[in-house]
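What follows is a pair of complexes built around chain A, which joins chain B in one and chain C in the other.
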Partner chain A sequence: MSTVGTTAPQAVVASSEPSAAGTPWLLSAPALMLFVGVLVIPLAMTVMLSFHDWGQYKGIEPVFILKNWREIASDPYYAEMFWRTFRIALLATAITAVLGAPEAYILNRMSGRWKGFFMLLILGPLLISVVARTLGWALLFGGNNGLVNKLLISLGLINAPLPFMFTETGIVVALAHVMMPFMVLSVWVALQRVDPQIENAAMSLGAGAFTIIRRIILPQIMPGVLSGAIIVFSLSASAFATPAIIGGRRLKVAATLAYDEFLNTLNWPLGAAVAVLLLVALALIVVGSNALIERRYAEVFR
Partner chain B sequence: MRTNGPLALAFHTIFVVVMLAPIVVVCLVAFTPEGFLSLPTHGFSLRWFREIANYPEFVHAFWISLGLGMLSSFVALLFAVPVALAIARYQFRGREALMALFLSPLMIPHVVLGIAFLRFFTSIGMGGSFAALLVAHVIVVFPFALRLTLAATTGMDRSIEMAAVSLGAGGWTLFRRVTLPLILPGVISGWALAFIQSFDDLTMTVFLAAPGTETLPVRMFLYIQDNIDPLVTSVSASVIAITMTALILLDRFYGLDRVLAGKSDPGR
Partner chain C sequence: MSFLELEHVAKQFGSQTVVDDFSLAVRKGEFISFLGPSGCGKTTTLQMIAGFLEPSRGAIRLEGHDLTAVHPARRGLGVVFQSYALFPHMTVAENVAFGLEMRRVPRSQRAERVAAALAMVGLAGYEARYPRRMSGGQQQRVALARALVIQPSVLLLDEPLSNLDAKLREEMQIELRQIQRTLGTTTILVTHDQNEAMSLSDRIVVMSQGRIEQIGTPQETYERPASAFVSQFLGKTNDFAATVDRTANPARLVAGSWQAPAPVAVAGPVTISLRPERISFADVGLAARIVSRIFQGNHWLFQCETECGPALVVRQNDGKPQPAEGEAVRLAWRLEDMSVRSSGGAA
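Here is the complex of A and B:
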């Protein structure tokens, strides 16, 4: 779920051909028909599906009732599941912000060649299969004598092995790793707008390193951190592979629950309701926080 | 203030090590000579890569993924190039809305897309078919194909086109002989990025794939749910190698930094 780059670039040549009124539509027509037919209509069907009835023996009944929505609203199981989903997403977002923002700052101060090299190392994993990356964490966590626990114990940070597999802690750590490139990228983009001379000016006026970071750098990269946070949060809240592999079959989040309803229980209307609720909740959160950020940092975006 | 202190470099080192650790571990375990999950401390072995051949479902899933990725990114480009030309060259009413619609697969959680496609294709009797997978993948990779093609069309020098027109070229000839060659690097990079997105997608595909049309990530996911053994690490290592190849292709034709900086969204 990207929050940037949705606006089209300005047309290079503003319609020079006089007979061209219909040309752009003609060019877009095939794609437009594809999107209406195979994206808009299926999404509308899914919303409808969430109002249908379902029974073990009768299957899906195309009626309009609120049964599924009532069940989600009244059964505390769903409230707990959604709360867990958003708690995991929020923690993963916090970790990426606290670690990713300083890393972007350090990257930005490196010299050209090293900067490029490390950017590649940190952003490259973005394009590597999520299943493979999560499998890596499952191997590192692996039971009580996994590498992570061995390392933490030998460093004296913990005394007894921590359970990572099949726990929320494990999901949060793996998700934070999967989402980290987005945060680094987002803060790095914000840093490109920061004038290094301001730092030098502050230093010449006697500001210490800590003061410079707190008073000069942080306020300027905050919009980058926040827009990175929105991307990471919405992707984490709808993540499937990582919670499914690390969380196992019991620890459910919204995406894995919807999957279960569709492919195991076969209660499609209920699964559709869970998915639609996730979509609506995320849309509200993203639009709401975007509006907040833009109002708060209006001067930065100008 | 322009250089990093020792503390910053220490943080940076740990950060990079943690970022790479899971990927490196998968690739190392894939080379274990043992019959169980372990780091290859007693020499490297290819036995688990050879073992893949004994699992036809992985081999089959690999071909499905490869075919699906190549085909869906190609079809997505057939639709995306005209759209890119329209958006880059014309100011018209509804342009922003059109752009928002075409980029919307990036905003919608893939689990919702998976459910919507499953519902749709089942209701028209195409559930579990390769054709259904193909159409779904075209939609999901379309934004990636469009973005890179659009960047190429927007940055194109149009005076060459004008010259061709003045020499009498028009319509299809103009596009095939002048426009397309000029935007080709962007188109090829769009294809490669779209391919990676399709090749790696799990969340949406897991809803659509049926036995026989399972893609490699789906097959790997279902396998991992039951048990994790060295076999799945060697399969993962192969997948990582294929992604790397596509990445190098991207870097050659386009520059990876440009792809990543323009790419604020994922691949899930």
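Here is the complex of A and C:
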């Protein structure tokens, strides 16, 4: 669109001032160089790396083969691992959406002072180091000595401790906890755009409280829920620290597997292939769902 | 019996009284305006009628039934908001149909009534549009159609025209009045625009600081303002400090070089107030000098400096020569056009 708009004036300017066309490039050069230097080149090198060969004794061989990709495609271990990664991310996203959207709605209706206080509470998980936060979960649920497990067992509600550490459930819950602020903030922003009188308008037309939420509020904040979902999903699918601590060595997700290949097995090419596949899959999912959402909610987004 | 009754209605937020002792009886089919500056409690009163706020004291009755006991969703009142509050994710037709849907009107009948309502506000053919793709005036009409399609017993309008530009506002005023006359819907309009209140309403309720200053027809409130506030809020007013000369017989009312027989009721220092268009230039009267003269097409606006302070004079552009800037003139007026109240007192 911008090219169409600027063609005519540019033609006039170009004749008298030949450098005018290059000026935008010149001005954005520093940013472009940084972008290319720290993102595009390493990324390209990682993609290249995924096609290299590796052996226990020979190390990395800079050749172009499909060995790593063939291994990922043929070994069901990788399929299972990727499937687990996306299942965990999807569940964490669903939990943040189901809990975060009402949370944002309630937060939005609070009066000033309480709003600030609860906003801080919601942002809490982001302010605490991932290690301390995850160890907190371990203290609550970790084996027989976990506080909650101890309590439930001594109350006679359960016989064996609830499994939390080294389980998918544990990873999902811990991820949902830390991702909640992104969902709440995203829905909250959408709620800011909702006309404060709109609930009164619906009420005056005869709508009850539940109908107002379902027919009036929810459709308007749905773009916020969905963009929050995209953020939470992509961050959860590529999360490293939480799955590493709670999942441990038994329960691998894409990020922890790539880490292991790089730093423990030292099979960099395979690690690179896993990382690239995760990146491509995520990019496809995010871009695809974003396009879908924008088409579906064109009217609400404007 | 009156149709809608408000009896000693009051609203308090904490220790702050926003509306106090508001009593009003509205006849069926009447067009009432709540007029006052922002913060005078007019919108709060409207919201209490609509049910979005609960009165702290007093009663609101519709056809004799206590309205405050009815949930806002069941009151069956039409409300048009200042921001229109249209549902942005619904088309125009869906917006207008929403109230009918809530009333479980059959689908076939719904479409018919939506089409009729949209035709009434001049938006036939806009059914499939989304509100954000429409101009402010069109959105306003959708909001009006949405409120009217449910055939409300009372139509409540909360500053519905204040977001429109002047020309469109005038058009909408005329249209609103026509629609209201045709349907005969009892209507309450909240506005801070005195022209809007005067051109639309049967009666105006002038409010200030949560209290009713005056209830009357537009003409009554303009011609016979009950208080200094009303006279200043409705149109422009000139106030001249004057004295009553009791030494003369009969007593005389004196303002600078202007004088007249004093009304019996007044004594001491008084204030004369009168409308700018009721002052004329004469051979005898209050001495003044014209500071500036502004041509406004159908009338002239003169700012004068008189012996008793500044004054505003409006003269119709009748083609006759008018005094120039800097010219010394005399101001005169008919006795029945002025109101006299003792200075210092509120009224």
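The rule is short, and it goes like this: the second predicted complex is superposed on the first by the 248 of 302 C-alpha atoms of A that agree within 3 Å, B and C clash if a C-alpha of one lies under 4 Å from a C-alpha of the other, contacts with A are read in each partner's own complex, and residues count from 1 in each chain.
We adopt the following convention: a contact is a pair of C-beta atoms (placed from the backbone, for glycine too) under 8 Å apart; a residue touches a chain by one contact, two chains touch by 3 or more.
Computed from a predicted structure; not experimentally measured.
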{"item": "Which of chain B and chain C A:219 touches, first, second, both or neither", "value": "second"}
{"item": "Touched partner set for A:200, first chain B, second chain C, both or neither", "value": "both"}
{"item": "Which superposed partner A:157 touches (first chain B, second chain C, both, neither)", "value": "neither"}
{"item": "Contacts of A:211 with chain B and chain C, given as first, second, both or neither", "value": "second"}
{"item": "Contacts of A:129 with chain B and chain C, given as first, second, both or neither", "value": "first"}
{"item": "Chain B versus chain C as contact partner of A:35, first or second or both or neither", "value": "first"}
{"item": "Contact residues of chain A, present in both the chain B and the chain C interface", "value": "200, 203"}
{"item": "Residue ranges of chain B in contact with chain A within the complex", "value": "1-4, 8-9, 11-12, 15-16, 18-26, 29, 37, 79-80, 82-83, 85-92, 95-96, 98-112, 115-120, 123, 135-136, 138-139, 142, 147, 150, 154, 156, 158, 196, 199-200, 202-203, 206-207, 217, 220-221, 224-225, 228, 232-233, 236, 239-240, 243, 246-247, 256-257, 260-268"}
{"item": "Complex interface listing, chain A residues touching chain C", "value": "195, 197-198, 200-208, 211, 215-216, 219-220, 297, 299-300, 302"}
{"item": "Partner chain B, residues of chain A touching it in the complex", "value": "1-9, 11-15, 20-21, 23-25, 27-28, 30-32, 34-35, 38-39, 41-43, 45-46, 49, 99, 102-103, 106-107, 109-110, 116, 118-140, 142, 147, 174, 177, 180, 182, 185-186, 189, 196, 199-200, 203, 209, 212, 231, 234-235, 237-241, 244-245, 249, 254-255, 258-259, 262-263, 268, 271-272, 275-276, 278-279, 282"}
{"item": "For the chain C and chain A complex, residues of the former touching the latter", "value": "47, 50-52, 72-79, 81-83, 85-89, 98-99, 102-103, 130, 132, 146-147, 150"}
